[in-house]
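First chain A sits with chain B, and in the next complex the same chain sits with chain C.
Take a look at the complex of A and B:
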């Protein structure tokens, strides 16, 4: 994000950027260097194009026209930007805009879109997929009908002749086609398969059996054997495949595209669409439902739903407190250490500095789990200290423990930042303060600290935004607990962990609702960060 | 800054690759548009977090894939489904069963002239990824899974009904019942598993005759080793989220229940028995044993297996997985043990543990449905395959004839006896509210809150959720 932010003003400031003067005033490695540069550029661009074209072909093969358009447009823009020597600013802008679009805009827009749908358990399919499943899954075996073992049969000319239906009870073989089934009385060679114990018709008359691996080469073999209907011996009976067998089976549900309803053929009950689910008049539903737009009902659920109403202000308050306390404690501790270790009178500073950043070098989620173990009242450090403190059991102690763990994880970053910032403050400013009669503390308060703050405050705000959504540490250390029974939010739940528990960690999963909550959280963070930036006026001062 | 940006871009490229990959292999426009959205759903948290990480780079390591799978911390499972590849038949199985299924499936592949790929996913991920990958055309043809996933998988329309009428009679009734949901059967069971009482035969030579005797023996053992918290009377895992599954025998020993059963064995979500007389008596028992130190919310699975495995617990209440686990399972550590049913209270009924059934399900988005169905119905129902699967997992076969062959094994017999008094783990969607609310009430009770209030609140919360949902 910051890279993009910087790229724009730089190009703005450049007074003119026609390619010609650049080339003329180009560095002395002109001739050979450019040629090599050109080759490298062509090779890299060629590779990028090759990848894009492969993706394009795959997408076209899958008939995903949205992707095809997107990839084609990107391909053209990238080549226009990089192939000619002109368009220098574009060479910087295109990658930035591309990555901004892919990694920032797309997730944001997609989340906003999801928040208006009912996507979640029971609503993952498209409407057409759901209708297909409802119809095909309603096909049921007619009770008492004969179960035949099935073998695809090939004619002597290598085309599909129909299915060989072997009745294990009577040992008769029939030929099943979309016409009526007919008995085959020619001599047959049969084989009982060792794995499935089904009877495979090796040959009957001049027809030969085909193994499942061979049906792809069989001309005329149905693309979807499951919907291949053979007519039985009696009027109106339909024989369908099911696994390696076939039996008389009938569908029970049928979709009418005119009225958009599903009808139960046996009972004449009609199911019509209610919020992405086929529902009968008396409230019976058919599974699966499908994904559809529900407008702003996820948002109204957040505003009025019983799970949210009472808890939201409390969770928001703790989330802000957690983020602020995390920033303040890590910054204070990191700054303190940085000042101490920045003092030239201190011996062995390099060793201390290396030791201090160890928590930063360890994988954070491992550390968080180790902390969870240490805070376990029975098996944690209570045992070594001989005390009995329920670190994660009472609300306030759990909040304290969480801040403590986050301090451990976060202070090395603040230490590094402050060390860098302190070293960039000219020492003569501090000396001037001493000459003017300031004490050490006054010099720090009036000179060092304000200068430090100008350079680190954007990072403090960023750190605030990060901790606002610091799901990992909350989930791994306290899981949001302790939580009173009958409440949806625990004492240490931040908005994100609370959302996750309500919408994604339970059944039914409600991704649409989770997306709506994400949008709300995004807005809260955006507003708070904007206020922070405005208040500190950091951008202007940094520039 | 440069390396970080690079990392973000690398993650992004992977995400893009996944998106493109998910777009392959569809044959109509509707489903082709779908993978974009479903995969992005799984990817979105990762990429958003990565963007945040550029501005505040502390703990970059924590921001990567953890949001999608916070529970699995040590082994990072693939956050997306593996690419389908070009095998005719693709099966998803977990790490214990993947090798054996691969071996068994090879003969099936050979006889039918096809190719079979058995892909390994973490068990919980099979459930998660199935609903995402199957509608996108990247799913498997067959999965191995647990019957209590059916509520979700059927609602999502990703599993195919199976006509098991030809083989049902050969299976244990409870196993077929478990895979029957809303009147249709969706899977072929292969193994039954449940918890039982595992006793350290050095410390307690004779199996306790009653529940009270078991508690007495356990309390005495705990009292003898009061100064070391790693010693346990009964190693019974609870953990910070509670554990309604492992505490079910205690709830039922006192006459409590979660959902009452109808005459046909299905559950009635209207009749909740957590705050019944028996339920509150069980809550009171938890409260007393927490005070005496016998039961604790700090006992996790790891603590349980460690203390019993090293001979520091008189009893454990756990399942066959604790015996067969590599490295520190009870068989591996060599602790002398015997598996028996959990005894009933004096004059009471035998506690009913939850019986879980595992089996094979066919994807309703499979393009080889006939072949997949044949593999599951015809091949996996054979005695030889059920026995081979037993060898690998140690879970009691669901096929009656296979079960009888292995019931000479003392462990299988012990767990089998315990399961005989058990009830199927409810697959109805209402259970998800129970796991969280009842689990929470149990943890709070074990941590010293008032037992009756906790269980009454939990029951009220579950009733409200059922009425509202």
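Take a look at the complex of A and C:
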């Protein structure tokens, strides 16, 4: 690293930029550049503030307090960093650190939090949302209640006034709205529709009836009349629409906040909360469930649960095997090819080189999908070679195929690395070995290879770490299969692809469990990185 | 790992390589060069066949008359644009292409900007927590963002109701999550390059009255253009090919939804059991989708070769 000319005290401010008045005698562009820079700064800061404040208001409106806090803190930090002249390092660090904190670190923390919940299919809503849904879904017609004929009514100014409810037995008309129900005693003009035999209210007082075809132009008409709840005549009762009729309806299920239970009024069955689901004594459950904390049960599920106990060590073993084999095969193939093509006397070396690295120049997701087609049991390879091999059907062949595909994708990288490393090994070393009587192979084994290994070992470790979580290849080539029905992990599933299946590609989806598995992967990666760090001694190079 | 890159500016390395290659050409040994060379050519040709046959396979399919996997032949029998017509008739392919292009360009631009700013602070300014900040970056970079995909999924599902702009299928959300990884390795690489730019330059500019802003934008950034270009291209290529986060954010979108990226869209073409029926359209899409990356790779090639040995890893 370049040495710093003068001793610099470690303070928050960059001492090299004293807030002295700026001299006008700088470079010709200095004055203009500064003014321009100031305008840009103010515009950008204003824009950022505007976005943050808008977001803050939306989040506050939605009562998403986590996001409110986040945005408020951001707002303060950004303005503190950019408005005053001081805090120069902050001006350069805050933008990048903001994205790092919000879109990289926060998801990690949120993963850890989610791993202690039961988030997943049927457990997406909050408890209150779930209770509301359970109650509103249980609303049914009260037995023996009046069936009203319904007519949407318009006020004289053409807006929606409520529904006219006509009781055919008593010939009374009521006006039902979300706020009240009142009997309309003004003279009414009625018409019995020939098609449905229902009574249509043509007009009552100054209100006029609206035909079904006319409701689209009626201002204020509810978008979903089925969920339009009118207050009933007795306390707590509701009147709901059902087609062209309306009934008095009551929720069959009701939640009692004191006992935290839901009671079925018609049968007196009590449902109490069991793991985020209202469950009766005989095991009946109410849908939907809600998300709730389940402590560490996701972790114990992974390590001891019946579906995962056997799977976890197997998947872990294959993940490590896949990463190791990928590194070894690509390195061996790349090194071999680099040595073959590294002879100065060979003609057309450059053409060979630029052609063999073609797999590296193509986007990996695309070639992985192409390989999926090549390995198709009925077509691809088999058709070309006239053979019948289930490349992706049996567990071991699928594993072999996956390693083969990853070899194809990965060897050009190792080829480039090794070519560079071979060329940087001083030729006198090899010549000295030859002078001492070493054969070509011995010289390679004792001189070239050890030197090569020292320079590329950090890259081999990086490659191992990369393949350890190489989701794209696994998912696009084999999708983790083949997988026996009823098993949660397939034969070629690595930890990350297994996690993906549990979270998003299985029924039921168990995001809470998948989050716990992600945390386990985090820990494994941390241990592996620590070993890698120790090995490459990267720590010592931090300056 | 990235720390190694700090020692070696990519350009000087790239220039060094041809010089090494030139030098030993003199000491050509006596004897028949051809005699000991033939086996190298055999291996070279075999390696080229291995490297190229999947490419050959997809090219034939892309321009064939008949679009199913079962009708695929080894030698092209016809040349037609039928598969292309089929692709654009049934899928909003160019929308996907455009989405991916926008995502990659915006991500690459801001990645370079954010990483260069942080690198400038770490390289040129002295402040409390500088060393630990660098260490933290190094540690964070060990954990790829994809490991937190469950949280990203839940966040996007919840944002869908409060902030629909950042909800399911949002290009903006995808870019933001990509930018979460903008620092890390990139800031390290750029800092390494900045460290090699002599400090005398900014000190003399400072004496002339330049502000830190002017030094950053007008002195350091132009001088670091090569390394910034590399980071831009690597970041562009990485976001073109990224699949996991994109598929998590697009989760639940239809396979022919115009919101998808090219990677997620093409994967959708091969989803399901009878994907061989959509093989032809897929092949055209794959060939077209590869073009931006292949073109960029040509510019990058010489830098990648030296950058790799210096520790950069292409995603």
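Following the convention adopted for this analysis, the second predicted complex is superposed on the first by the 305 of 543 C-alpha atoms of A that agree within 3 Å, B and C clash if a C-alpha of one lies under 4 Å from a C-alpha of the other, contacts with A are read in each partner's own complex, and residues count from 1 in each chain.
Rule of thumb we're sticking to: a residue touches a chain if its C-beta (ideal position, glycine included) is under 8 Å from a C-beta of that chain, and two chains touch if they have at least 3 such contacts.
Please read all numbers here as calculations on a predicted model, not as lab measurements.
Undergrad: Which partner does A:444 reach: the first (chain B), the second (chain C), both, or neither?
TA: Neither: A:444 stays clear of chain B and chain C.
Undergrad: Using the touch definition from the top, say if A:408 reaches chain B (first), chain C (second), both or neither.
TA: It touches chain C, and chain B stays clear.
Undergrad: One more residue to check, A:104. First (chain B), second (chain C), both or neither?
TA: A:104 contacts both chain B and chain C.
Undergrad: Counting only touches as set out at the top, which of chain B and chain C does A:484 meet: first, second, both, neither?
TA: Touch partner of A:484: chain B, not chain C.
Undergrad: Now for A:369: first (chain B), second (chain C), both, or neither, which partner does it touch?
TA: In the superposed model, A:369 contacts both chain B and chain C.
Undergrad: Go through the superposed model and pick first if A:337 touches only chain B, second if only chain C, both, or neither.
TA: Second partner only.
Undergrad: Touch check for A:400: first (chain B), second (chain C), both, or neither?
TA: Neither partner.
Undergrad: Which partner does A:508 reach: the first (chain B), the second (chain C), both, or neither?
TA: In the superposed model, A:508 contacts chain B only, not chain C.
Undergrad: Contact-wise, after the overlay, does A:360 reach chain B, chain C, both or neither (first, second, both, neither)?
TA: both
Undergrad: Need the overlap of the two footprints on chain A, from chain B and from chain C, as residue ranges.
TA: 1-2, 55, 58-59, 62, 64, 67, 99, 102-104, 106-108, 110-111, 114, 119, 124, 360, 363-366, 369, 376, 378-379, 383, 413, 459, 462-463, 465-466, 469, 471-472, 475-476, 500, 511
Undergrad: With touch defined as at the start, can you tell me which chain B residues reach chain A in the complex?
TA: It is residues 1, 5, 8-9, 12, 16, 20, 23-34, 36-38, 40-41, 44, 47-59, 61-63, 66-67, 70, 73, 88, 107-108, 111-115, 131-132, 135, 151-152, 154-158, 160-161, 163, 165-166, 182, 184, 229-230, 240-241, 296, 298-299, 303, 364, 368-379, 382, 429, 431-433, 436-437, 440-441, 443-444, 447, 449, 453-454, 457-458, 460-461, 464, 468-469 of chain B that touch chain A.
Undergrad: List the residues on chain A that touch chain B in their complex, please.
TA: Touch list, chain A to chain B: 1-3, 55, 58-59, 61-67, 99, 102-104, 106-108, 110-111, 114, 119, 121-122, 124-126, 128-130, 133-134, 136-137, 140-141, 147, 150, 193-198, 211-214, 225-226, 241-245, 287-289, 306, 360, 363-366, 368-369, 376-379, 383, 390, 392-393, 409-410, 413, 459, 462-463, 465-467, 469, 471-473, 475-476, 479, 481-486, 500-501, 506-509, 511.
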